[in-house]
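Consider the two complexes below, in which subunit A is the common component and subunit B and subunit C are the respective partners.
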Partner chain A sequence: MQVELVNLTKKFMGVTAVNRINIDIKDGEFVAFLGPSGCGKTTTLLMVAGIYKPTEGDILFDGVRVNHLPPKDRDIGMVFQSYALYPHMSVYQNLVFSLMLKKRPKTEMQAEAQRVADIMGIGHLLDRKPGQLSGGQQQRVALGRALIKKPKLLLFDEPLSNLDARLRISMRSEIKKLQNSLGITSIYVTHDQIEAMTMADRIAVIKNGVLQAYTEPEELHDRPRTLFIAEFIGNPPMNLFDVRLEDSGGKMYANLGEGIKLEIPPSRKPKVEPRGSVKMGIRPQDIIIDNNSDLRTEILLIEPMGRDDLIVCRVGNIEIHFLVDPVLKLKRGDSVGLKFDMEKAQFFDTETEKSLLWQ
Partner chain B sequence: MKEKKEATETKKLSTRLEWFWFLFPSLLLIVLFFFLPVIITIFVSGTNMSSSTGFNNWKWIGLDNYKMIAIHPETPKHLWLTVKYVAVTLVFFNVGMALVISLITTHISQGAGFFFRALWLLPRITPTVIYVMMWKFLGANAPYGVINQLFVQPLGFTPQDWVPAASFLFIVLVNGYIGASFGMIIFTSAIEAIPKDIMIASLVDGASFMQRVRYVILPYIKWPLLFVTTYQTLSLMTSFEQILVLTNGEFNTEVWSLWAYHRALNNYWGNFQWGFGNALAAVLVVIGIILGIIYMRYFKFGELVQEPKIET
Partner chain C sequence: MKEIRSRNPFTRSLPYILLVVLSLPIILGYLWILVSTFSTRCYGLIPVDQQGNYFKGLTLSNWAFLYDKSKTLNASIWLLTLNTLIIAIGLTVGVVLVSMMAGYALSRIKFPGRKSFLSLTLILHSFPSVTLLIAIYFVLRWIASVPVIGRGIPLIGGFGYNTLGGVILVSIALQLPLGIWLMKGFFDNVSWDLERAALIDGCSRWRTWWQIMVPQIKPGIAALSIFSFMEGWKSFLIPYSFMTSQTKATLSTLLNEMLSETSPVNYGTLAAVGLYQLIPVLVFYIFTQKYLLNIFAGGVKGTA
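== the complex of A and B ==
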């Protein structure tokens, strides 16, 4: 099902939780709503579900305005962070609840329960109560309950946030595969950017109820259009420096202060005339150790991150974070030379916080 | 080996004692204010104590008071009235109306819900005598009664004194309007404690309002339902002050507890039959205990009680 949100706005007693959001979702697409806590992700999702009525704007399903359609007529399935299984019903009863309400024959209910139980691998749990299941099992049941209706739109509200890290990773790929094979249009709310980046076809970044960007994960990562996106996307977070842009001899330089001056390649020259100093961003993985470099620094802190070590060092007042291969066995206090891969640098206007590269 | 065993035994004992000390204050209250009165009631019910015997000349008469209840010509009348009164008030008001009000007020806007519930609390915070007086004025004979003035006379019917004419209805209403507010508070808080996600899930699953009530809300508030039903049954059986003020048991409104009160403490002839009155009260205690057990069976109390969350 194709979904369109047009100028969608929700106010709670004068407080604007969602502010004129425009999003279109293609049939079969997997879209993530990403943003910090309290930014209005759940509110938007609940409007799509029909639980909240929009204050302004429209919700269109396949081109038809559904603003006032009750949830039960919207052909949706929903999965919650809290699982929200009915505690007094068995897993089987939870699964077939929606069919039972429609008074479907028993044989059909059994067949359908079997079908989703097979998909989700919960066949052996049908007689149990939710309280007797682990968190991961409960979330599988919840997913099964959403799927049994053969919905045209699946809504997820941080479904994996209560699971442990390992399970989260395996469930992530499982949900993605499932969505892919069933081809159900999906909206996935999360504040975990890795989840959004790995699962979604497109990501809607929301901040304070306002849509910041709506685009593919790579685009978001490589060509952030605002400072907020640059800071929010990417792990570990991007280094941000206040720099002065300087022209000399036909070349452009970014002056970080403390005697650090970096040449800006033509591909990264700000397209917009900057006002005074600007913000330069560079990701920790785009700074490498090069002992021939003039930029020398001492290691302050080493944070092992598994595949890489995150190194924190300081030049004067400037703190720099970068990633290195753990096999280098660097130690605190070691002196290293650094090289910035300026082909990956980002520039933002200090005042408008808009990118000077991508408009 | 042996020492270790002894150590665990001492530990077990001390845990057990810990439990005792934790429960001691409430045990003391229960013993002082429940078991002792019950024992005194049963004790006195085995005597012929009354104002004529005084506290010195009474005799043991065994089960004679109970035999008297069994053969007393008024027993069936009072018993049937009590059953009718408790059942009707409980089903339609103390549980039924309470449930309906809480369901409705939790599904309308918060402010309106709050206002409506506050309105229902007014009778409870009004002194009983004043509250019952208002009912008396409501039903009083022309030219005073509100019913007569507002409805009966304008519509051309013959006015009458409504309290005697519809005495049963009046005692049910008078008690029901107060009684409903108790369940209303308990049910409302229980309904509001149902996780929001569960409600949303049931909406998405396609449950109508009635289906949600039946399949989600009622199972969720089973505990409070059992509690209110039991508590209100017992309190309806034993409280009589509204009826006392409204009719003093006239017009066929002498419920069992009022009968006991009249016999033991306040009657026309001035002979207060403490022994007989206490026997009447003891019968109520026994019925109350039996009903409590039946309710627990019916609500599957055993299933409601969960395993302790923390093992000791």
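== the complex of A and C ==
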């Protein structure tokens, strides 16, 4: 099902939670709503579900306005962070509850429950109560309950937040696989950028109820349109420096202070008058160790992350984070030379926080 | 190795001693009821017979009121028991039903005046019902003049003055603030997601309430039912004020009348009737303590 949100706005007693959001979702697409908690992403989802009525704007399903359609008539399935299984019903009853409300014959309910149980691998749990299941099992049942209706739209509200780290990763790929094979249009709300990056076809980044960007994961990572996106996407987070842009001899330089001056390649030249103060961002993986470099620093802290070590060092008042290969066996206090890969640098206006490279 | 010693036995038992001394009057009172129920006369807590011999004169004759009307001012004890039961059950059903619906609405639905309604019910709860008696009397008199509803309903008589229904109606009204707040507190603790899931699964709001929400607060309903039943069973002021004819009286009002009789009071029978009224309450408490504790656990969590 194709979904379209047009100027969608929600106000709670005068406070704007969602502000004129425009999003179109193609049939079969997996879209993530990403943002910090309280940014309005769940509110948007609940409007799509029909739980909240929009204050302004429209929700279109396959081109039809559904603003006032109650949730039960929207052909949707939803998975909640708290699972929201009915505690007083068995797993089987939980699964077939929606079919029961539609007064389907018992044989059909049993067949459908079996089908969904097979997909989710919960066939052996049908007689249990939700309270007797582990978190992962409950989440599978919740997913099964959403799928049994054969919905045209699946809504996920931070479904993996309550699971432990390992289970989260396996459920992540499982949900992704399931969505791929069933081809159901899906909206996935999360505050975890890794979840959004790994699962979604497109990501809608939301901050304070305003849509910041709506694009593919790589695009968000490589060409962040705003400072907020640059900070929010990517792990470990991007280094951000206040720099002054200086012109000299036909070349442009970024002056970080503390005697650090970096040449900006033509491909990354910000479209602004030089000598302005801007924010420069560079990802930790784009800073490398080069002992021929003039920029020398001492290692303050090492955080082993397995595949890489995250190094924290400081030049004057500037803190720099970068990744190195653990085989280098660097130690705290070691002196190293750094080289910035300026072909990967980002520039943002200090005032508007908009990118000076990508508009 | 040195062991950390607890305080000496005296300081440890001091709180218990204090508590026992303070509860002694109540305990002795119940003990007296028990003893005098089964004896001809009593010297304090010691049963004596007509001649004054100690520990003699044990008898069951005080329980003759169960079949002998003359012992209870010519009122049939069975009819009074039935009346009391009707009031208790009527109160329970009414309070639980209205509280479940009102509590849900106050917990889940935003409507104008919700906050003020909540604080108003709280004020009403702390209102002494004695102050309302005269006003209620006029209301009940007026209801009594309404055809059918006033006095024409079988079993409860109607909802007017001098009917069981009238007493039930007034008792429900006085009990509701507590019930509504209690139910609201329990509903507040049920996750919103559960309700949303039900709505998406295809429930109407009404069905969500009945099939998904109400089962979650069963312990609260049990607690409120028991509490209301006991309130109705032991209630005195309302039945005493609004029921005049003897055939419609309750066990509490009977006890009161036996006490205020002009002829010498028969304490043996009085104690027996008192114990008779107490038995269901005791049995109830023993089996439902666990649910009653929920009232305090669930009620505290509720917020506006």
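Here, the second predicted complex is superposed on the first by the 355 of 359 C-alpha atoms of A that agree within 3 Å, B and C clash if a C-alpha of one lies under 4 Å from a C-alpha of the other, contacts with A are read in each partner's own complex, and residues count from 1 in each chain.
One rule holds in what follows: contacts are C-beta pairs under 8 Å (C-beta built on N, C-alpha and C of every residue); 3 or more make two chains touch, one makes a residue touch a chain.
Not measured: the values here are computed from a predicted model.
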item	value
Room on subunit A for both subunit B and subunit C (clash or fit)	clash
Touched partner set for A:Pro54, first subunit B, second subunit C, both or neither	neither
Touching partner for A:Gly281 - first (subunit B), second (subunit C), both, neither	neither
Subunit B versus subunit C as contact partner of A:Pro217, first or second or both or neither	neither
Touching partner for A:Pro159 - first (subunit B), second (subunit C), both, neither	neither
First, second, both or neither for A:Gly234, with subunit B first and subunit C second	neither
Shared subunit A contacts, counted only where both subunit B and subunit C touch the same residue	46, 49-51, 70-72, 76-78, 80-88, 97-98, 101-102, 145, 149
Residues of subunit B touching subunit A in the complex	195, 197-198, 200-208, 211, 215-216, 219-220
Residue ranges of subunit A touching subunit C (in the complex, touch as defined)	46, 49-51, 70-72, 74, 76-78, 80-88, 97-98, 101-102, 145, 149, 157
Residue ranges of subunit C in contact with subunit A within the complex	191, 193-194, 196-204, 207, 212, 215-216
Residues of subunit A that touch subunit B when the two form their complex	46, 49-51, 70-72, 76-78, 80-88, 97-98, 101-102, 145, 149
